[in-house]
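Order as written gives the chain letters A, B, C and D; numbering starts at 1 within each chain.
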Amino acid sequence: MPGEAEVQLRERLNRLRSLPLLRGARLSGELERLQRQLDRIVAEPSDEQIWRSVELARHPDRPYTLDYVERMLEDFVELHGDRGRADDAALVTGLGRFDGRTVALIGHQKGRDIQERSKRNFGMAYPEGYRKAMRVMELADRHGFPLITLVDTPGAYPGVAAEQHGQGGMIARSQAVMTRLRSPIVSCIIGEGGSGGAIAIAVADRVLMQQNAIYSVISPEGCAAILWRDAGEAQKAAAAFKPDAGHCLELGVIDAIVPEPSEGAHTDPDASATLLKDSIGESLDELVGLSSDDLRRRRRDRFRSLGTLEIVKAP
Amino acid sequence: MAARIDVSIEHKHAPPQTDGRPHPNTCPGCGSHYRDDELEQHLNVCPQCSHHFPMRARARIALLADEGSFAEEAADLRSDDPLGFFDLRPYTERLAEAEVATGLGDAMVIGQATLDDSPVELAVMDFAFMGGSMGRVVGEKFARACEAAADHQVPLVSVTASGGARMQEGILSLMQLPKTVCAVEDLHDAGGAMISIMAHPTTAGVLASFASLGDVIVAEPGALLSFTGPRVVQQTTREKLPDDFGLAESNYRFGHLDAIVPRPELKDYVARLLRLFGNAG
Amino acid sequence: MPGEAEVQLRERLNRLRSLPLLRGARLSGELERLQRQLDRIVAEPSDEQIWRSVELARHPDRPYTLDYVERMLEDFVELHGDRGRADDAALVTGLGRFDGRTVALIGHQKGRDIQERSKRNFGMAYPEGYRKAMRVMELADRHGFPLITLVDTPGAYPGVAAEQHGQGGMIARSQAVMTRLRSPIVSCIIGEGGSGGAIAIAVADRVLMQQNAIYSVISPEGCAAILWRDAGEAQKAAAAFKPDAGHCLELGVIDAIVPEPSEGAHTDPDASATLLKDSIGESLDELVGLSSDDLRRRRRDRFRSLGTLEIVKAP
Amino acid sequence: MAARIDVSIEHKHAPPQTDGRPHPNTCPGCGSHYRDDELEQHLNVCPQCSHHFPMRARARIALLADEGSFAEEAADLRSDDPLGFFDLRPYTERLAEAEVATGLGDAMVIGQATLDDSPVELAVMDFAFMGGSMGRVVGEKFARACEAAADHQVPLVSVTASGGARMQEGILSLMQLPKTVCAVEDLHDAGGAMISIMAHPTTAGVLASFASLGDVIVAEPGALLSFTGPRVVQQTTREKLPDDFGLAESNYRFGHLDAIVPRPELKDYVARLLRLFGNAG
C-alpha cells in the first residue's frame, strides 16, 4: 500500500499536469523532479523520527566539516581571512583535490571540546565569515574550480557586533555571489542547516542532505517560543515544520538524501565520509559538462521555481 | 509631495487602552495622541517629534505613485498550506483572518506605476499581514515584480516592513531568500536597477535577502533593521545592547545605508534616483 | 626658441622612432601622445614655480570635491557606507547628472573649518573609504555609468586601525576594480595627488590634472626627511621629484592639464568648475563611443606602458 | 626541502660592531650570532628562536626552484634617470653602487623554473638593492613575469621584500602600482594564478599593489607588512602602537593573510598550491 508521501506526490503530479503553467514554475523540470522523488521516496517519518533527526543532527560526536575534509580531499590548503577585518573560525574555507579535481571548499565548523567550541563560536559565523566565504567563491569562479559547501550551523551569530558589521546584508550578498558563480556548486547539509546562516552558503546547483541532518527556517526551540510561547514545546514545533531530510526532499528543497550509517554519522565517520564523497562526486559529474551560462541559468531557475506550484489563485 | 503641515493636535497623552497596551495612534516618541485622519494627513509621521508610525501598503503606494497611476499585478495569488501547519491554530485560519483584517491577499502588493512621471515597478510590503512575513506568495510576487521591471526596462522600488520569513511555511519560507536574490540578480543582468526602502521593521529573512541588494538602500528614521531582533540578541549573548541597536541611525553609521530619508521627503528623493537610473550612458 | 621641455620631447620622439619595439610599450600610441604633448607643452617650470604649485594645491581656500560637484552635477545623490563597517567622510561618492548623462562620482573631500576637517580626516581615507569607492565603482559598472574621480588627498590615512583594516590591500584592490570597469573613467587631480591614496582612485582612461595641482609618490616633506634627513628641505625635494602638472604631462603620467584662473582655482571657484567641467566633458565624449572591452584594454595598456621607454638594456 | 637541523652555535651574544650597529648575523630575536655558512645552512632562520633573517633573491630562488631549473628573464634591464634626480648624491650613482654591491640589475629577479617538478614563473625581490624599492625596472620585470606566466599557462609565484616605491623616479614610481595591478589582472583574465609570498618587509607601494592581489597570500613569520611604517604612524598619529603592529601575525589575525609559513616549510607549501592551481576543473 502506498505511503502518505507517495500519495501526496501522486496527487501533486496529477495537479501539475492539469494546472495552467505559472510563469517561473519551469513545469517540465518540476514534473521530472517529482517523478524522481516518487522513485526514491521513503515512507513519511513519524514525529518521533523527526525529533530523532534533530538529536542526531546536533549529536556532539557528529562529524564536522574538517572531519569530512580530511577524508574527502587531498592536498587541502586552508585559506584564511576576509581581507578586511578578521579570520572567522566558524567558517572554514580552502582548496583541495577531490577525485583528482581541484575544488574550493566552504563549510561551517563546530568545535569538539569547550575551547574549540568557543574558538569556532559553535559554528555560528559572523559577517566576516561570510565575507571570507565570498572571497573564496570568487577565487573558485576565477579559476573554474567547482565549489563544495558543507552546511552545519545553528544559524548566523546573533550578537551586537555581528549586527553592526552587517549580518543580514552579508548573508544576502553571499547568496548573490553564489547565483553569479560560473563554476558548479554542490552543497550538503551535514548537521544543522539553520536558517539564513545556512542558506548563505547553500545556493547550489545540487543541494544534498544527510539522512539525519535538519534544514529549517528557525530552530525548533525558537519556533516553539514564538508560536507556542514555550521553548519546551520544541518537539511539537519540529513535528509541525518538518526539518527532516525526507520532508525537505518531498518539498523539492533538496535534490537527494545522502545515507548515513544506520545509527547515525557519528557511529562511523569513515563510512559517512565515503557515502558523502560518493554523493558529491556523482553530483559534480552531472554538472561539470555544463557551460557556465547554463549552470547559472539552471541554478537560478531551480530557486526561482521552489514552492511556486503551491501558490493558488484566489477563488 | 506632501509638505510638513501644522495642525492642531487633540488627545495628547491619551490614556492606555483597556488591554494595557498603548493605543496605536499614541506616539511612542512623545506620547502625543492622534485621530486616524490627523495621522493620515501627516503621512503617519508625528508632527511633534517626527516619529514614523507604520504605513500600510496601500497608503505607501498612494504616497509614492502618481495619482491613479498604480496598476496592481498578481493580486489574486494566495498561499495554500504546504506543511499542514498547526500551532495553536491552523495556518489556513491565520491566513484567512489576515486577509479579512487587511484586505490583502498576502504581505506584499506589487504593480506598475509612475512616480513624478517616471515609470516604475513597485513592490510594497505590509506589516499588518502576519507581521509582513515572507512566504511563498511574497517571494513569488517579488520575483514577478523583478521580471516586470526587467520586461518594461524600468527601475524597481521596493518598500520592506517584515519580521522575517513565514515560519508556517517551514523550509519553503527559507527558500524565498535565494529565490528573491535570484530575481534581483536576473534584474541586474537585464540592466535594471533596484531601489530599496527599508521601513520599520526590516529584519531577518527580508533583510538577509532582497532588501539588502538594492543599488541604493535607504531607510526611514528610527526603523529597526536587524538580522536578529534585540530581544533575541540580548537573551542569547547577554550583551548590553547599545541604545540605538539595529536602528536605521546605527545602520547608517556602520555603512549599511546610503541615506536615512524622512517620509515627507521620500517621494522627491526616489524621483531623483529614478531620473538618474532612467538615464544611463 | 624652443623650451627645454620641447627639446626633450623632440629628442624622445626621435629616440622612439629609432628604438626597437619593447614589449608592452605600445609604441604607436606613445608617439601620438608625445606629438600631442608637443602641441600643448608650456615651458619647463622653475623650482620656484613648482613650489608655488605645492602651495596652491594645498591652499586652504582651494575648491574641494563637493565644491565642484555642486557646480558640475545636477540631481546629485550622495551614496554612503561601505556596506560593512563605516561611512568614511574623507571620500565622497554619489550619482549625478553631467551634461545630461548619469555619472558616478568618487572624490576625496577635505574640510573647510576645523570641525569638518576632523570629520573629513583632512581628506585622508581609511580602507573603509576605498571599500565604499569600490562599491560605487561596481554600481557604475553594473549600470554603464561613466565614472568621474576627483583626487585630492595628502595620502591614505597612516593610522593603527587603518593598517589593521588593510590599507595596503584595499588600495591594491581599488586599483584592480578600476582596471576591470566596463564603463569610461575620467580622473582629475584637483589638489594634492598623494601617493597610494591618490592612485587608488585614479586608474582611469583619461587622467587630467589641474594646472596648480601636484601628483607625487611622497610628500615633499616626507621625501626631504628621508633623503635629506631634514623635513625642512621640502622645497628642494619638490624641485627634485617634480610633482607639478607640467612635469607629469611631460612624463606621460597625465593626459592633459586643466587650466585654472590665473591666480589659482581658489580665486574663482565658478570659473574653475567651468574649466574642469569642460575638460572632463571633452574626455568623456572621446570615450563614450568605445566598447567596454576596448576601454579596458586601452586603460590597461596605458598604465602598462608608462615609463617603459626609459628602461634601457645593460651595456 | 630542508628540514630544521640542529648544529652547534658559535659566537653567541657577539658584541656589536664598531659602528654601534649589531652585526647582520646577530639574531635580533635572541642575540645568537652565526657565521655566514651557518646561517646559509639554516635558510637564514635562527636555529635558536626561528627568527627569519633577510634572504637574498638568488638564495630565495635556490630555496624554491628545483636545482638547475631556473632560467632568468629580462636580466639586462636597467633604469636610467628620468628626472635627473639628485638628493645628497645622484640617483645614477646610487644605482651603480647598488648593482656593484648586489650583483643585480635592480631589486627584482624574474624567470622560469620548476618547483617540485611543477612549472612556475618566479618574481623575487631583493631588499639589498636600494631597499627593494619599486621603480620602472621592477614594475616592468613584474609585468613581464605576469605575461610569461600567462604565455606558458603556469602560475606566478612572487616573493616580495620592499620598502615601497622608488622615490628617485618620482611620479613614475607611483605609476608602477597600477602598472603591476594591470599585469595581475591580465594574468587573471588569461586564467593564470598568482601566489604571493610576503617576506620582511613588504610595505607601502608594493603592499598597495601586486603583492596584495595574489590568489593566495602568505607571509613569513615576523615580517613587517604595513602600508605605512610604524615610525611614521607613531609620529603622525601619536597613537600607542600595539607590540605586533604591522607584523605578519597581526595581519593574519586581521584577515589579510591565508597563512604564515615558516621558511623551511615554504617550498612544500607552495608545491601543494601549484599542484592545486595546475589542476583546474
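Criterion: a contact is a pair of C-beta atoms (placed from the backbone, for glycine too) under 8 Å apart; a residue touches a chain by one contact, two chains touch by 3 or more.
Source: prediction; values computed, not measured.
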Common touching chains of chain D and chain B: A, C
Chain whose average C-alpha position is farthest from chain D's own: B
Whole-Å separation of chain centres (CA-atom averages), chain A against chain D: 42
Averaged-CA centre spacing for the pair chain D and chain C, given as whole angstrom: 29
For chain A paired with chain C, centre-to-centre distance based on mean C-alpha positions, whole Å: 47
Where chain A touches two or more other chains at once, by residue number: 83-85, 165-166, 169, 173
Residue list for chain D, restricted to those that touch at least two other chains: 254-256
Chain B - residues contacting chain A, complex: 75-80, 82-83, 85-88, 105, 136-137, 139-140, 143-144, 147, 165, 167-179, 181-186, 203-205, 207-213, 225-228, 232-233, 236-237, 239, 241-242, 245-246, 250, 254-256
In the complex, chain C residues that touch chain B: 75, 77-87, 95-97, 100-103, 128, 132, 139, 142-146, 183-184, 288
Residue numbers on chain D that touch chain A, as the complex places them: 188, 191, 193, 215-216, 252-259, 269, 272-273, 275-277, 279-281
Chain A residues touching chain C - in the complex, by the definition given at the top: 83-85, 127, 131, 165-166, 169-170, 173
Chain A - residues contacting chain B, complex: 23-24, 156, 158-160, 162-169, 171-173, 175-176, 178-180, 195-196, 198-200, 202-203, 215-218, 222-223, 226-228, 237, 240-243, 247-248, 251, 253, 299-300, 303-304, 306-308, 310-314
